[in-house]
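Residue numbering begins at 1 within each chain, and the chains themselves are lettered A, B and C in the order written.
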Amino acid sequence: MKRVFLSAVAAALLSMGLAAPLQAADTIKIGVAGAHSGDLASYGVPSLNAAKIVAAKVNAQGGVLGKQIELVIGDDQCKPELGTNVATKLISDKVAVVMGHICSGPAKASLPLYNDAHIISMSPSATTPGLTAGGANPMFFRTIAKDDDQAKLTSRFMLESLKAKKIAYVHDNGDYGKGFCDNNRALMEAGGAKTVLFEAITPDAVDFSPIVRKLRHAKADIIVFGGYQPTASKLLQQMRRSRVMTPDVGHDGLKYDAFIKMGGEAAGGVYCFYPKDTASLPIYKEARQAHIDMFKSEPGSFYYNAYSAMLALINAIKEAGSTDTDKIVEALHTKKVSTPLGELVFNKSGDAAGLALSVYQIKGGKFVETNYSVTLD
Amino acid sequence: MDFQYFIELFFGGLTRGSIYALIALGYTLVYGIIGLINFAHGEIYMIGAFTALLVAGLLGYLGFPAGGILIVAALAAIVWTSAYGYTMEKIAYKPLRNAPRLSPLISAIGMSTFLQNYVLLAQTPDFVPFPMLLPDIDWLLEKFNYVLGPSDFFILVVSFITMICLMLWIRYTRMGKAMRATAQNRTMAMLLGIDANHIISVTFIVGSALAALGGVLIASHMGQINFGIGFLAGMKAFTAAVLGGIGSVPGAVLGGLTLGLAESFTTGYVAGNYEDVLAFCLLILILIFRPDGILGKHQVQKV
Amino acid sequence: MKRIVHALVAAVWFMVLCSPIMGLQIQPDKSVVFLWKRLAALGVGIFFASLLWQWYFSSQRASVSLRMPAAVTSAIGLFKQKKTRRAGLGILLVFMLLIPFLPVIGSIYQISILISALIYVMLALGLNIVVGLAGQLVLGYAAFYAIGAYTYALLTTYFGFGFWICLPIGGVMTILFGLALGFPVLRLRGDYLAIVTLGFGEIVRLMLLNWVSITGGSHGISNIPKPGLFGIDMDIQQATVYLYYLCVAAVIVAIVIISRLKNSRVGLALQALREDEIASEAMGINLTRVKLAAFALSSAWAGFAGVFFAAKTSFVNPASFTFMESAMMLSMVVLGGMGSITGVTLGALILILVPEYLRAFADYRMLLFGLVMVLMMIFRPQGLITGERRKYHVTALDGKGEAA
């Protein structure tokens, strides 16, 4: 009995550990890495959906270079250590390119691995400037504006249009939110605005009343908020209920319909930044409709960024005529691709040029584009 | 800074503190009776908020008049959440009544993880909007010179009434007396004809009901909830209970208010970054230097 | 019959209990969906679970295990056998024999997963000293792990120290922190200690998050080098394989040291402490010294594991050291068997490897962890493999003091 049990366990361990994934020869593999389960799943699942939709669409049209696209999905739950595991998994599955990672942490942790394996990765959502700064990672690309680009627009808007002099910064102490506030603070102070408050809040706190009271007494002209949508809408609701009516500026993490839904009236008047309104582009409508058809819901965070990233990668493979990394990099740098976010091509450091950012304001339950915008190059 | 600011922070802290106190009561009651740190109590609070949300959603869907939704949803949340507390005790703690001291604590940690993920999987990992059930009365705010928002006011009133009722109940009713007797000496109480199992069940039910009330109040104050709101709230409330002297009912209230005020002043005069650091430092310092808290009685370790 | 009625009542009770959270879902357009099927499935599940539950408790009360079906008895018997330890060791041995060859047959992905698993084995073994042997519940173990990881990360970024210098420094740092935490909490009772350590864990994480000028806060620290080998240039593949062997070596060292410790004077004192603090003090055990030793030894392993972790991921940020991480380490120890080295090793391997390979479980992983922790405490508090102590007894039959 015991021996049977032992060998069964051994066999199970063996088969678990060593069963190599079956190799299908005539497909092009695209890795999709991000948070697909766990508490941050809502930021990663939309991009997974985008990958599935684009892959299905391209496959239905006969694939790329005559081969079908196969997605290799890796779930990093937004944790750096799982990010490296996912990266090694994708590398050993011999993916041609990777669409991911979603969070900056796993992106930073996995980049050395991708660089070493000479594999391209393209993030739809990691905004940390350091990832592309100075061409540090020639095989890393992204379809989102990095924090300092966002900050350039925000600070200009606040200084010129809102004529803000006293600024309060509130962030969630996360990579994403704090980065936005840091970059803005530097530019705003250079532009002569005074920082009256720079503080973190705990997103899970039972209530925000102390910070709300502090904000009232800070008498800022504007509040810059760095953090995710739920925290922002909670804070805003509390502020408005306490009649703190200071205008609020947030980054692209806020520009989702969920923010308006959650924030209700409190969200009214908030400024935020997002790629220039491209909803009138046919390809945008198509992307949105595909999501509604396939998943019976409106697309979530970073969906269009991920959709664009998939299109850009597949287009580059097509233009390169092979899955040779250097050729794909070359194609990404030179060949324009039309995406739901506009015509994109990638500059030398890997940021999307042609991505236009606009300032939006929430009015009457809708995001209304203002005439402040900038096109990245 | 000026006095007005101080007063505002004071009342802000009081509001937050009264929520801590409501949850802390659940910890302290359970600890008083069976000496267990019910680690899953924060999750009970979260379930209370979720039940209220779902019931309110259902009522709204069925076209129930808006005014009544708050009351019905809160009552439903209290009833269901009490049932969760009761069931949790029967499954996770009762079989361990005579087990080594650490077993129920580990079981409680397991229960906490389980309940969080149960809500995550059965509902959603995202934040969901909670209907604004508390009346937003503008005149109150101006009347109080912006010291106290309408929802703060409402929370303070409801939680104070509840806490006073609880103290009276424990002091004067048969059940309350039986609870106190069981807390003092379970074996002796049993010899006097008190059904200890029954008392323990009642304790869990009362504690859960209070947590549910706290959950409903905070959820409608904050406007949204998710599966993870219970962890930090539970930790803070536990700190409050320890601060006041775990096992002591007035202690939990006092501890809750103290912690709420301390946090509010930290954010107000220092920085929001250190709010949680302060709470946890306070917890450690109290446990090290005065483990019996402000109002707790010193317990002699018996062999 | 009575049991069936009881089970039916339980099923109905749970269906009512779970009706809002499992049975209702609010759609974005504020309409409400009823999920009857899910509730019905729950009811059926609870019905059978309740039958099992009742059967278990009644059979336990009557202390009759004969009524169990043969398969169950033999399965349980397998765990209950005196030779369980040896069976466990056998499994471990098979695994260990495979260890050196894995990099040859497995892909770099599998090696990288195994490194993760081995780091957790180190952590579980370390935590086992203080939880399993000394019976002191520590809920903030991830703090020591974080201190180890940040020690390496900071020293290498600011001073360019290498892995081999940082490994002992990481250990020393965590020992210092362990003592700093251990000293004031000496007189705390078990559950208070648990909470203090939990608070400590959160404070360490929050300090790492807020002390931006040094730790980079949530941006973390990236580009942490992998360990070198006499200055030989290695690509990532080779470096990973090398790190894997280092982890294997570290785990073997940990197992040897901890199993030696277990039967040493300190180890026996720790176990006495676990059983009864007051009695062991009366027996002349210096509680202060023994407890501090437990804290120091235990935190040292977390420090080493932290250094390995930083080297493996090449990036650290405070998000990797949350309470969930501590809870995970604790469940490894609890699942595997408190006090048993084989047990916790197995526990760590199971909890890391199973979810990694059974991706379908990923969503349900934490739910199951929670459930398993509760059920383990009720049905098998000693864990998969019982951490038995060496018992000395004279037996006339075989004439030797067997180490059970």
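Assume contacts are C-beta pairs under 8 Å (C-beta built on N, C-alpha and C of every residue); 3 or more make two chains touch, one makes a residue touch a chain.
The model shown is predicted, which means the values in this text are computed figures rather than measured ones.
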{"item": "Highest-count interface - the chain pair sharing the most C-beta contacts", "value": "B-C"}
{"item": "Maximum centroid distance from chain C, chain identifier (CA atoms)", "value": "A"}
{"item": "Inter-centroid spacing, chain C versus chain A (mean Cα positions, whole Å)", "value": "34"}
{"item": "Centre-of-Cα separation between chain C and chain B, whole angstrom", "value": "30"}
{"item": "Chain A and chain B: spacing of chain centres that average the CA atoms, whole Å", "value": "37"}
{"item": "Shared-contact residues (touching 2 or more other chains) in chain B", "value": "231, 273, 276"}
{"item": "Where chain C touches two or more other chains, by residue", "value": "210, 363"}
{"item": "Numbers and ranges of chain A residues touching at least 2 other chains", "value": "173, 200, 261"}
{"item": "Partner chain B, residues of chain A touching it in the complex", "value": "38-42, 170, 173, 199-202, 204-214, 216-217, 230, 233-234, 237-238, 241-243, 258, 261-262, 264"}
{"item": "Contact set on chain A toward chain C in their complex", "value": "1-2, 5-6, 9-10, 13-14, 16-18, 20, 36-37, 75, 78-81, 83-85, 88-89, 91-93, 104-105, 108-109, 112-113, 116-117, 128, 130, 173-175, 178-179, 200, 261, 297-298"}
{"item": "Residue numbers on chain C that touch chain A, as the complex places them", "value": "28, 74, 78, 83, 87, 90-91, 94-95, 98, 102, 105-114, 116, 209-210, 217-220, 222-223, 235-237, 240, 309, 312-317, 319-320, 353, 356-357, 359, 362-363"}
{"item": "Of all residues in chain B, those that touch chain C in their complex", "value": "35-37, 47, 50-51, 53-55, 57-58, 60-61, 76, 80, 83-84, 87, 91-92, 95-96, 99-107, 109-119, 121-123, 128, 231, 235, 238-239, 242, 273-274, 276-277, 280-281, 283-284, 287-288, 291, 301, 303"}
{"item": "Contact set on chain B toward chain A in their complex", "value": "1, 5, 8-9, 12-13, 15-16, 19-20, 120, 125-127, 129, 132, 136, 141, 146, 149-152, 218, 221-224, 226-229, 231-233, 236, 263-268, 271-273, 275-276"}
